[in-house]
Amino acid sequence: MLPDDISETVRRALAEDIGPGDLTANLIPADRRVTAEVISRDEAILCGRAWFDEVFRQIDGDIRITWQVRDGDAIRAGQVLCRIQGPARGVLTGERTALNFLQTLSGTATRTHAYVEAVRGTPATILDTRKTLPGLRTAQKYAVKCGGGQNHRMGLFDGILLKENHITALGSIATAVHNAKTRGTANVPVEIEVENLDQVREAVAAGADHLLLDNFDLSDLKTAVAECGGKIKLEASGNITLDNIRAVAETGVDYISIGDLTKNVTATDLSLRITD
Amino acid sequence: MLPDDISETVRRALAEDIGPGDLTANLIPADRRVTAEVISRDEAILCGRAWFDEVFRQIDGDIRITWQVRDGDAIRAGQVLCRIQGPARGVLTGERTALNFLQTLSGTATRTHAYVEAVRGTPATILDTRKTLPGLRTAQKYAVKCGGGQNHRMGLFDGILLKENHITALGSIATAVHNAKTRGTANVPVEIEVENLDQVREAVAAGADHLLLDNFDLSDLKTAVAECGGKIKLEASGNITLDNIRAVAETGVDYISIGDLTKNVTATDLSLRITD
Amino acid sequence: MLPDDISETVRRALAEDIGPGDLTANLIPADRRVTAEVISRDEAILCGRAWFDEVFRQIDGDIRITWQVRDGDAIRAGQVLCRIQGPARGVLTGERTALNFLQTLSGTATRTHAYVEAVRGTPATILDTRKTLPGLRTAQKYAVKCGGGQNHRMGLFDGILLKENHITALGSIATAVHNAKTRGTANVPVEIEVENLDQVREAVAAGADHLLLDNFDLSDLKTAVAECGGKIKLEASGNITLDNIRAVAETGVDYISIGDLTKNVTATDLSLRITD
Amino acid sequence: MLPDDISETVRRALAEDIGPGDLTANLIPADRRVTAEVISRDEAILCGRAWFDEVFRQIDGDIRITWQVRDGDAIRAGQVLCRIQGPARGVLTGERTALNFLQTLSGTATRTHAYVEAVRGTPATILDTRKTLPGLRTAQKYAVKCGGGQNHRMGLFDGILLKENHITALGSIATAVHNAKTRGTANVPVEIEVENLDQVREAVAAGADHLLLDNFDLSDLKTAVAECGGKIKLEASGNITLDNIRAVAETGVDYISIGDLTKNVTATDLSLRITD
Amino acid sequence: MLPDDISETVRRALAEDIGPGDLTANLIPADRRVTAEVISRDEAILCGRAWFDEVFRQIDGDIRITWQVRDGDAIRAGQVLCRIQGPARGVLTGERTALNFLQTLSGTATRTHAYVEAVRGTPATILDTRKTLPGLRTAQKYAVKCGGGQNHRMGLFDGILLKENHITALGSIATAVHNAKTRGTANVPVEIEVENLDQVREAVAAGADHLLLDNFDLSDLKTAVAECGGKIKLEASGNITLDNIRAVAETGVDYISIGDLTKNVTATDLSLRITD
Amino acid sequence: MLPDDISETVRRALAEDIGPGDLTANLIPADRRVTAEVISRDEAILCGRAWFDEVFRQIDGDIRITWQVRDGDAIRAGQVLCRIQGPARGVLTGERTALNFLQTLSGTATRTHAYVEAVRGTPATILDTRKTLPGLRTAQKYAVKCGGGQNHRMGLFDGILLKENHITALGSIATAVHNAKTRGTANVPVEIEVENLDQVREAVAAGADHLLLDNFDLSDLKTAVAECGGKIKLEASGNITLDNIRAVAETGVDYISIGDLTKNVTATDLSLRITD
């Protein structure tokens, strides 16, 4: 991950919170120093240390943070995550923005982790999607990895995925795959969304490298795996929940991609408290 | 709301999704035109038209969008929200980013609306907090208004709120309020967080304009309203849920502020489909 | 004040002065070091150290500045304000931009200070307005505080002020105040501009929190103070000069707001001289 | 002048004034339209139409402005400068920022014009300096031209001017001029600051193209003109006021450069009034 | 290709050329209009229309360009490429920057085309590399396509290529391929650089998807093709020139990647002439 | 040269190469450290150290670079230019972008140097033009100086050059020069392009300071030098090559300007190799 992306994302978040100045923190004497700690109120998977650190680095280079956990660690309610020392003004000015990053990204890592645990022991790998919070794509993709998932493509630029609308615009699965294989960037596998077993066969015949099996029932997933597992990557998607994901994984698909990982957020409950 | 903020937020979201180019849409002939429609799969409160429109405006000035609903409208599952006409490439390149804005902001408006409905008929007004998704503060604050809530301060720059950590750093409630009243910007009311009825009295005596009653039980809320309702603004906060909010509202507090409005997200389920 | 705002303002000022490079300073050997001092040619109130320092920090991290005065201090003609040590090229490249900030902001602080002195001993507080130099709002607001004034709102986002044009657009004082009290952001006091005593009474009846008394004569100011002083904030404005301000202040108004503080500039005369 | 520079300067000025939104204008119904006019309260030279127009263009493309005067025109007190038609919200949101540009730049044009008038009929041309308001260099240089002056260099990048500190750092006038003539960019004339007639002769001997005669008395100015007028450009500078400038101009110098043009500001008094 | 990228690249190029203003074009009356044409002095493959158009769009919306050729077309010496109509100032201000884009990108397209022609009839596809002109990556990648080549990865983010230094850092080819296959982004093929036939076999055994055969002689290339052609993508690289490329292509490799396409530039000779 | 320009140019180059992250370098353990060296494969003039250093500074502050040569030095094939120590990931992520700057700018310095050598001993100075790679103007102008050339104007803002199209638009050489001398910025010499000896005389009569002799044959160049050498600057341009430049220089012209210096690039062949 580029430091630059983190730095810019943090800069924007601070700008929207601080604007022309912090009216409250400025009431505190400039030379007052404090020690504070961040405590988790939830059980979760931690994610977001680099963003948290960058918030305080941009506010005041004199603030020191000592972490007791790392990104990807399981944390428990009541656990102290880090200690912060520095000028009171800077610590309080940065508090909310720093926690907003940590609570949002830990929320995504924690949600991912639940799905990863649900398929443990099966061959399926959990993937994210492009259904993300605008402006936080890179950060959320990183949180998915902290939660044990893998990343699908970052965006439109690093993978071809022919979805139903593309096929409509191009006329047929065969044309869509043919265009994708013969034009454009070398070395990019061609993934295509299919709706039923007939389309699976049409896409395989056309030379697709990877199929997105959209809303298949378990029986059709098994047939698809039986027919083309091993020869081509199979990815189940659509209406996957924590309740039904294990059954989907046990059909033998290679990947399960889940919009819920990144489009929904349950923020981890964290608080920062001055101790001294 | 400044068009400029929308435009910049959209620009960043497109940059993270499109990067150096859309490998898939570029397979479609440049002169292929389509008509598409956006359909809701959920019951929700719509929010985010301006961001959705701006996505397509930045991609291709030739795309036309005809809306059938407005921000703040209740929408039902299966309802067509808008029609889109234009070059197929541009429509498909913008699809995901446009929907990401609409699903996130409608999610916030919908969540807010549920709380607003829950207190209907009581004197309480629903307020948001600064617990927002980094980079989306302005957009989420707008979504809260679409859902029927009111905005608390936008950030640290347009209101004084002395929280527990500030009081610790300043020494006492009396000092904190005194500093806030005698320094800084003219005309900004002084809000202070209090933990119990003794602190309520101390803050009132010190001249606070507005109290944040943190985690008060119903009985203490009623006492606070009885003692100082009408003379000073009272805002309940902490552990408010859809289950208990009506009881809180019926104590007579002026405001109830709720982090859940903006820190948690349940994206509204939307889809874009080419019809022609 | 956010370091970020200072840094960006300085960056733009350096860009407009240096552009692709300093043709003159580059004639000096790169390893030539100098000591210089900044001397005031005027009596003034100093303001702008952070901008001055930032100019040199951006040009060359190797330049050291040792200040002998602080922002807000009264300085006299001939006084040495600071000493600068470092590479000759960097010192001379930054000289003009650094002095431009210091002379402009000290000019604003000095002008403010004259008004503050003129009302010393009366209850009136000197406020600035939004009549500022484009791009220097935050810096000038800070200079006003260095001169002993207080800040009115920073911009359109952190206060409601219904001026004559707003009342025209909304239909009446009553409607204007009513809309302001029942919509929008919680906790923002409603200020309204009034032209005569009838409008004072109408605004008070409508529930305004703060009145801007525009171009009132002394007699009407006194009547307004007598009728509603203490219950509502009163602010005199319009045609205030150093000659008449004391009489205005003695009417008992809470605030006097003055466009002259920030829209007109008499730059403090400063010079930078190499001493070694 | 590049539209881009105007657009960026306006964008920053709007950002500092509007921030996350205009709390007051948003109280007006979105479909309320108004006609307004800008009236001058002062006699002045107008400058700043492009910035004024750009403010409203960025806020709402639906606002129309009809000018009755042009940049550089003399305007009188009471004169209507332009009419504005469009949505009330946009007109009122942009009012202050648009007027701030117009009043500041007209102030600079007007001040310049006074000096230009004072030397009318003499051979002297009025020049500005680099003593400008940070961030407004390009705009103020344009205002100087509207007032009838000419521009000295825009910044450090488009002209060589060896001042006293450069000479100190380089050792002597001869070395300074020699370095400037033999290094760096082709085709840039070499200007050097001199303090007395001996230095005039030293600089001429060294091959300078242009002399800045700093704080010379009238007699020495005449001697300098007599000795080297016509062969080399002569520019008087230092302690020039409207009272003494004509005498300086009559010595026969080519240029008179005046910091006062751009470092001091007397804003032209303008008001915007809704007429319908 | 994103309009946004073109727009930003053009904005920067104009900024560096125009800076605070065009001293020469401003001498022409503002209402003088011209017709001009761009003529090629060389035989070439055209590339860069969108950048050329954007230059004039940013300078003056009133300039109209009528093209007679398209990107990718072969053009001959003396051919008129387009006609331009509009204000003389804008046309002359944009001339150089617009031509700089067109001459640079046409140079890249032309160079690529020579290699593509040299391998016509063989199975080899010409690829570019990441050896590009800083800041022009996206534009040059587009020029390669106009010249008939295909793009290798855009950057470090959309493909894995384990080069000699990565293998050194990771310890062995087997470890490098293993890490690449089991970590990171789903669906990205693993390419690895090999130096000899032993490494070819080691990489194939480790599961690589694509080999970069660095500096292989023709005999070794043929052996590599014989052993693993069809099963794995083979790409020749290193010291490829127009003289030896056909022999390389005839060995049967899938790709030949050539730094020369984008790191060296022979600008196409173009001129813009006012005709009316 | 402003650090700021280097920093921004590098930032853009890194952004286009790294985008959301380096898929390959991230496979290496984060704590793996390496030593590497950059070796030249060509004989060349080095240029670009500051850009190279800035690439690594932006990626990882922990990378140390020890140079053994300076900008402007002649380097030979096989020579080690610098050693790099630091985390393997950062070194490999920055490698290509850092080398792209160094190979492009050294290419420009080397090409310039060949022309400078070709005219050694004549009075002619080698100048560059505005035919540069978009976005790299400042960097290439610096490279020309490292190669021993001088810079013509940086852009349209710091010099007047009336070319054939300007003369067409203004009507005549006399009008063009007259406008240039009487309007605009003080102190900028007026250069004009002429096509034959008649125009030379017309331009001199009109008061031009500097002539661009476009495509003159040697005999006409000599006549121009004989008629006006010493009184006015003479610059030869058009179809200058390494083969004919010495003859041009021996005619006695002051300057020879050459588009080839900056519009064509032969990248210096460099490689970075991990040694430890």
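In this document, chain identifiers A, B, C, D, E and F correspond to the written order of the chains, with residue numbering beginning at 1 in each.
In this section, a residue touches a chain if its C-beta (ideal position, glycine included) is under 8 Å from a C-beta of that chain, and two chains touch if they have at least 3 such contacts.
A quick note: this is a predicted structure, and the numbers were derived from the prediction, not measured.
Q: Among all the other chains, which ones are in touch with both subunit A and subunit F?
A: The shared contacts of subunit A and subunit F, listed by label, come to B, C, D, E.
Q: Among the other chains, which touch subunit A and subunit E together?
A: Touching subunit A as well as subunit E, we find B, C, D, F.
Q: What's the call on subunit B versus subunit E, same or different interface residues, using the half cut on shared numbers?
A: Comparing the two copies, subunit B and subunit E contact each other through largely different residue numbers, since under half are shared.
Q: Please compute the C-alpha centroid of subunit E, do the same for subunit F, then give the distance between them in whole Å.
A: Inter-chain centre distance comes to 22 Å.
Q: From the mean C-alpha coordinate of subunit D to that of subunit E, what's the distance rounded to whole Å?
A: 45
Q: At least two partner chains per residue is the criterion; list those residues in subunit C.
A: 16, 18-21, 137-138, 154-155, 157-159, 184-185, 188 - these are the residues of subunit C that touch more than one other chain.
Q: Report the topology of the inter-chain touch graph, choosing from line, ring, star, complete and other.
A: complete
Q: Which positions of subunit F touch subunit D when the two form their complex?
A: Residues in contact with subunit D: 125, 127, 150-154, 157-159, 184-189, 191, 210, 233, 255.
Q: Which positions of subunit B touch subunit F when the two form their complex?
A: 16, 19-20
Q: For a test of understanding, state which residues of subunit C touch subunit A in their complex under the given definition.
A: 1-5, 137-138, 141, 154-155, 157
Q: Show which residues of subunit C lie in contact with subunit D when the two form their complex.
A: These residues of subunit C touch subunit D: 9-10, 12-13, 16-28, 32, 34, 36, 51, 88, 92-93, 95-97, 99-101, 103-104, 107, 130-138, 154-166, 168-170, 176, 179-180, 183-185, 188, 259, 263-267, 272-274.
Q: Quick check: in the complex, which residue numbers of subunit E touch subunit D?
A: Residues 11, 14-15, 18-21, 58-59.
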